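Several structures are given next for inspection.
Shared between the two complexes below is subunit A, which has subunit B as its partner in the first and subunit C in the second.
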Partner chain A sequence: MGLDRRAFIGLVAGGAVGTLFTPIPWKITDDLSIWTQNWHWIPRVPRGEVTYATTATKLCPSGAGLKVALAGGKPVTAYGNPEHPLSQGGVSPIGASEVYMLYSPSRVRTPMRKAGGKFEPITWEQAQADLTAKCKAAGNKVACISGDAGGTSGEVFSAFLSKIGSSAMYAMPGEAGPAAAGFKLMGGQGVVGFDIDNADCVLILGGDIFEGSGVSVRNRKAFCASRSQGGAVKARFAYAGPVRNHTGAVCDAWIPVASCQLGALALGVAWHLLKAGAAANAADMADFKKLVEAGYSPDKVFKLTGVPAEALAKVAASLAGAKAPLVIPGSEMGQGMGPGAFIAGMSLNLLLGRMNKPGGVMALPEMPAVFPGAETPSEILARDLAGFLKNVGEGKTPAPEVLLVHAANPAYGLPESAAMAKALEKIPFKVGFASFMDETAAMCDLILPGSLTLERYDDVVTPYGSAFCSYTLVKPLLAPIYDTKTPADFILDTAKKMNLALGHDSLEKALKEKAAVLAKAEGFMAGQVMPWEVLAGKDKPAFDAAGMWKALEAGQAWVKTGQVAQTGLSFAAKVLAALKPAKPELCLAGRAPQRVGTPATGIPAQCTTAIPASDFKDGDVYVSMNAATAKQYGLSEGSRVTLAGAGATCSARTHLSENVMTGVVAVPLGFGHTAFDAFSKGKGDNFLSIMSASPEAGTDMTVWTGSEVKIA
Partner chain B sequence: MEERQSNKAGGVGGVVLLFLVGFVGSLVIGWWVFPQLLFSQKTQPVRFSHKVHAEQGMDCESCHTYAKTGQFIGLPSTASCAECHPDETGGATDNEKEIDKFVNQYVKPGVEVPWLIYQYQPDNVFFSHAAHQGFECTSCHPDVANMDSPPPYQQNRITGYSKQTMKMWECERCHASMGTSNACYVCHK
Partner chain C sequence: MSAAHIEFKTKWGLVVDIDKCTGCGACMVACQTENNVSPMEDASNKLRTLTWMLVYELKNGKPFPEAEVAYLPRPCMQCGNPSCVPVCPVVATDKNEDGGIVSQIYPRCIGCRYCMAACPYHARYFGWFDPVWPEGMEKAITPFASTRPRGVVEKCSFCHHRWNQAKDAARVAGKDPDNLPDGAYVPACVEICPTGAMAFGDLNNPKHKVYELSKSPYAFRLLERLGTDPQVYYMTKRDWVRRQGDNYLPNEKA
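Right, the complex of A and B next:
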């Protein structure tokens, strides 16, 4: 019998039918479906025992303590640390992203040197040799821009510059800089903080204090505590600013006013307080009174700001009638404010007698330095980075030979960003201590990748806005994932090789020394008793100085509530007299939602789904304006708009919102990245690029809040 | 013409015969050869004798512990094994040689043993041992307490999972028999 065609078909058919009575088709189908669940690019759930460790966020300016969940030793989620005074269990979107950012596709994984316009990987030894040679050749023409001027890491960079004879240490702009400069002009000593917890009437001038401004997580907790569910309202909040942002939305009142006119508004409120007999023990009280009475009467303020006299009178009456009023000056986008506007806001606190009082403004002492020669954070913060770079760009100031960029992204995060990036191009050798391939790192000649928060020792020292001194340890929870180092450790080692002894071999040792110094400074470990309770009169708990380091390692924060006594504090009336509040026809109001990260982080991947459609939709960024403004410029919901300012333009679509005052375009910052990764890159424009950096009359510090804008 | 008819007549029987050959052959392949091919066999890196430990009065929870959080830790770490086996025995028996192998290869370098887990569930399954504490371990796991050598680990070449990994229908059958909800969210969070 031969195997002809029919027989073969019979064999195959028999096999096929038989196969249906076996597990083969069913098992393979089932297994293939399971196989598709485990493709290598699909994230896996880490296995192992779930444990918890503590640290604090460095990427978020709130400085909140973190409680990190680890599975099998790998961090998986970050929560707020309930024991930490700056967190109380709360965490910001950026703080929560500390875990996920470890695996960001834009992380720089190895030291790199630029050659022929492209980066090539090099060893740490080669990188150190390059940096050493360039620094030696540059002499004292070395500058540094730091995004962490307040921490001990910033102190290391400052001490390094000091050793080589340079004082060109700059901090990225925020609210702390103008506050430091302004308080200095007022003759103040120490650093200002705001005791929201113990205040019963708070006027917020501009700052988005419940979103990204200052110790935002702490501020939110204080706000919640003031109006617990079912309980009496303990404090009233009013927000003055161009946009009813996350802060304005929850306050009891919103006073629409352009950010460039916040100073005028404050002095308008001062007019009412003076009228009611308020006075302060300041040398220039008479000058201040004369200035306010002459220039900031209700009708003049109305003409300038559009805020009716009744509204000003109501605010003044609320403040004057409160037991513990507090005025918090700031900027709606956390940067760009001038010292003059800060002083104007602070003048209200002086008139109300709120310096160093519970629920008022606290003048905090600066933390002792452990690196000889390092400048204080206030000295660094008071310098004008935007003005410096603008002058470099315009050839008015010589460019440094070497620029060290630490935890900062000045090529993106400054006003007139394109002009700033051009100024950076003039610097012959730029070194980026960058964790991510951001816009500045992409311009650098040498990139020294920095370990992220969860991979390194570091600290959080009294973040701006806090009403008490605090010190929190940041400790590594895992070994660096990539070939990265702690920037401060690398600088310490480099200094040693250059025979510039900075005083410590490693940052960890320096932090231990700092803790030992602080242990003698009459503070205590927060936890059972919180610092705002002590400010309100509660007894300080006992402090175990010997166990401080262990307590820091366990995630507790050292805190101190003592204030710096003020002698000779004034209104800086001469500065206020020189203020010239602008009145642009149409001005910008920046919004800095934390969901889109910071200039140094880009947009955290896990936050992309939380960006509202009113900010970004279908590839377009949306700017907001109210219906009246839109009508004036012939715009409607969704229409395309080109904004022009500072010699640059930005494109966006229009979103109509009555949360924006008339004559203002609210722009979301954090978009328009040209670096980082797919989560950040190619999403709209960077609106900082159309904000004009101009000197503030009276202080000469660069300001860019309320920049004038044209609709092209 | 005659030849073709003859072929046709013989062909029908041949076709039927070959159909049966194909049918039976595929049954043999499907039920006997296919399972052999689908699963590879692996042995544990250390021949751990559950029997020896059980004979010393240890129960499952002595090593397979729960964390304070209630999370089932699963396998003991090298460090916890080393609490009883910190040093080489120097002995000549098979068991002593295996202990020495464990000490030299894992305790001294301080690395975890890459144990092959018989019943790892996929990532999309949330299985709580704490919720099943009322059952005997052997209700789901092989009764290894009576085994001197761990059973061979049979790994599915397509999925990568062990042959002993409990399938969803098994979970559902038990839940149904116990009157426990079989809603999706019970196991898939």
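Right, the complex of A and C next:
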């Protein structure tokens, strides 16, 4: 053998040392780090120029303008539009998810018809033929539930119903409905909005205005502007409600009170204001004074709410001593408040003389309609959907023959959901203009999938709570990904084919007309000057009517400050005198953070991480109560608990939180989905199902805030 | 042994006003969509979720009705004296002249997680699973941050790509890319905050808001006494919040 062991080792060692002097080992290490990580199943980033385009969110009720980033012409992510008055760069978790929601696995991709209990795909022509036939047969027994009553799309549905002789157009519950109904009962004219920017002392009665209620992004920006970081505080905020929620967290004071007693609290504050001599120029001023003095004295209010007289006196003194006080009535979960409670809160604004004053309540004009026959949003919003459906379910009201559901999920998003589902089942033909396969769509006989925000034309009109009128254009940034249509366009086409032409060929044309009408309405494009500055006294900037549509397309909002003069505003003393605030032993408080989306969106894909372990952990949903309440019911951190209400039960685990008042169980809404996709489905229970919906004494409108609950 | 403490000309910093944060989580969502963190169907196991920005809930420990709550958004602190940099065996993370941002190079990372053990702020996250975008949702991937396979550590980068975009925009406009005006470069979380609770800028530049804010008597940093020199400042007028910024003894002043 020529090669002995020593020589062999020498060769190998020499070779090894030699390769170190070559690029081979370094090239191999470099290649290793690349080839062990460029797995083909990991998606790559897109190529292409990054550009930005504007639109506005239709999925988030805050109405924020969006600035969408596009890569190679395709939308990739959404931010707030810094130039838009309802955004100023900010946007909620829902608005931020608009691009991701385009691709939700639960998107409906084609029109579908229910056959034999299952859905079968059909063409749009077949779908239209089905709908036309059913509508013709139903005559005027057609109803509509809309989640978007305020915009021009809502007008289309309303005009369609009016044309076929039906007035059964309903809006999903929110804060706007009770406000519209309540303000009407007060003899108010216009739509209420709240000028937080120019207020210096704000009492928030329930509403989660810094989270999901009303123009929540605008509200937060106004709050931030009132107190520069580390600097002087220009406005003080107090939050009254059952839970120190996201809004309560940043307010200067928390007045713990159950949500069914917020009206009583307001009248308790009124008692102190009246004692100090406050009065309003209202026809029933004397009646109001009488009912407050008789029924809402400090110890009566203390007995009912547990709020001591000194606390109420302090609140009244702060409001009375402020230059621009403001009281904002609402519900902690954005729904379920009664008009009576709204009126009680508004009575404080009347006593303080805050109507149509900077920093006060602004009564805004309704926007002009471009579809003749459409009802105003206020008329639609003031209708009691929960009450109507409950009556249908109990056989007290005949069920409509056809139900159109637009941008709404009533099978999930209403209280006493079991009763509501029973009612919906009584309606023989249900049509869902659903974008996602949600709980309601799953019940429908015909699904006409709607294009999402970034895929269609639409508009955002003065969202509830705004102190100024606004009009924002929504424009498509990409062609519909699936075989979907803009619901309003489909209705316009269907109406035309039924010889019931509604007035415009397409939504886009209607929007252009709307802009042309608004151009004559003495507003301006928000940008250099913002509407709250004009409310504070700044000059209105010049307005170029001819350039309005172009400005709208560029993402700017048309705004109008200016209020409707009130000629017959009263306290609706008769209504207030009839109020009977409840005093349940244990009641519910709903928490509706935006991270769980809305009933119509489900939990957006990128929002699941924002849900803390104190709400949802290891597959269990947690309800919160403080240690005193827990002790009363033998519960501790992590205990399983079954909550019973409205003839239904929900199970959860217990989380102890001292930010919940005694006698209240705070329940997180947005869980318990049985539809949508894996991001939403199968997580806990829907706590709306145990909230009892009952008529409010004095108004007969259905309310469900602070409903009683039992621990089974 | 600590890393050498080098001062940089530009030092990007964040100032969060805790008294304004409502805990909505928009910053978390913005960060995830901007930086291509894949959506997680079940995000309830917080040891497995990737949350470069994470909102913490703080309580004052008092019973009802004296209870208070605050929210604290926590990105990567981009420490001036980072604990993670000296422990990385492959120099996948570094603190160099790039605006004082602690870098994280995914292809270099071998996933040993030593940096995670070192970070006192739990700001680093390990990709336990391959990222999964449901069919079609991968079209929402932005070009701003590379997608990471499983097995590497990732963390907040102060949206470093936005700094590059801002510098490019300055060059195109004929301005000085190394002297950006306040607001020309903000991370996604700061931009999207619906309340406007966060401010971002060059801590060394007197023309930037954060220069004054970071010197405010109400400003503090988390775990300052560890010597990490974080570039994220928090502001609060509430003493009980400030006390949670470090491990203070009961009678110690915050």
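Just so it is clear, the second predicted complex is superposed on the first by the 667 of 712 C-alpha atoms of A that agree within 3 Å, B and C clash if a C-alpha of one lies under 4 Å from a C-alpha of the other, contacts with A are read in each partner's own complex, and residues count from 1 in each chain.
Please note the rule applied: a contact is a pair of C-beta atoms (placed from the backbone, for glycine too) under 8 Å apart; a residue touches a chain by one contact, two chains touch by 3 or more.
Because the structure is a prediction, the values reported are computed rather than measured.
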> Which of the two partners, first being subunit B and second being subunit C, lies in contact with A:433: first, second, both, or neither?
Replying inline: neither
>> I'd like to know which partner A:37 touches here: subunit B for first, subunit C for second, both or neither.
In response: both
> According to the contact criterion defined above, which of subunit B and subunit C contacts more residues of subunit A?
Replying inline: C
> First (subunit B), second (subunit C), both or neither: which does A:27 touch?
Replying inline: first
>> Per the contact definition in the header, classify A:7: touching subunit B only (first), subunit C only (second), both, or neither.
In response: first
> Regarding the shared-chain residue A:45, is it in contact with subunit B (first), subunit C (second), both, or neither?
Replying inline: both
>> After the superposition on A, what does A:239 contact: first (subunit B), second (subunit C), both or neither?
In response: neither
>> For A:468, using the defined touch cut-off, is the partner it touches subunit B, subunit C, both, or neither? Pick first, second, both or neither.
In response: neither
>> A:19 in the overlay: touching subunit B, subunit C, both, or neither? Say first, second, both or neither.
In response: first
> subunit A residues touched by both subunit B and subunit C?
Replying inline: 34, 37, 44-45, 47, 50
> Which of the residues in subunit A come into contact with subunit B in the complex?
Replying inline: 1, 3-4, 6-19, 21-24, 27-28, 31-32, 34-35, 37-38, 44-45, 47, 49-51
> What residues of subunit C sit close enough to touch subunit A in their complex?
Replying inline: 15, 17, 19-26, 28-30, 32-34, 36-37, 39-46, 49-51, 55, 57, 59, 62-71, 106-108, 130-131, 133-149, 151-152, 165, 188, 191-197, 199, 213, 216-219, 235, 237
>> If we count contacts the way the header does, which residues on subunit B are in touch with subunit A in the complex?
In response: 7, 10-11, 14-27, 29-31, 34-35, 38, 67, 69, 71, 73-74, 120, 122-124, 156, 158-161
> Residues of subunit A touching subunit C in their complex?
Replying inline: 33-34, 37, 39, 41-48, 50, 62, 64, 69, 71, 74-80, 88-93, 96-97, 99-100, 102-105, 210-211, 216-217, 220-221, 223-224, 227, 229-230, 244, 246-250, 254, 256, 481, 593-595, 604-614, 616-619, 626-628, 657-662, 677-679, 683
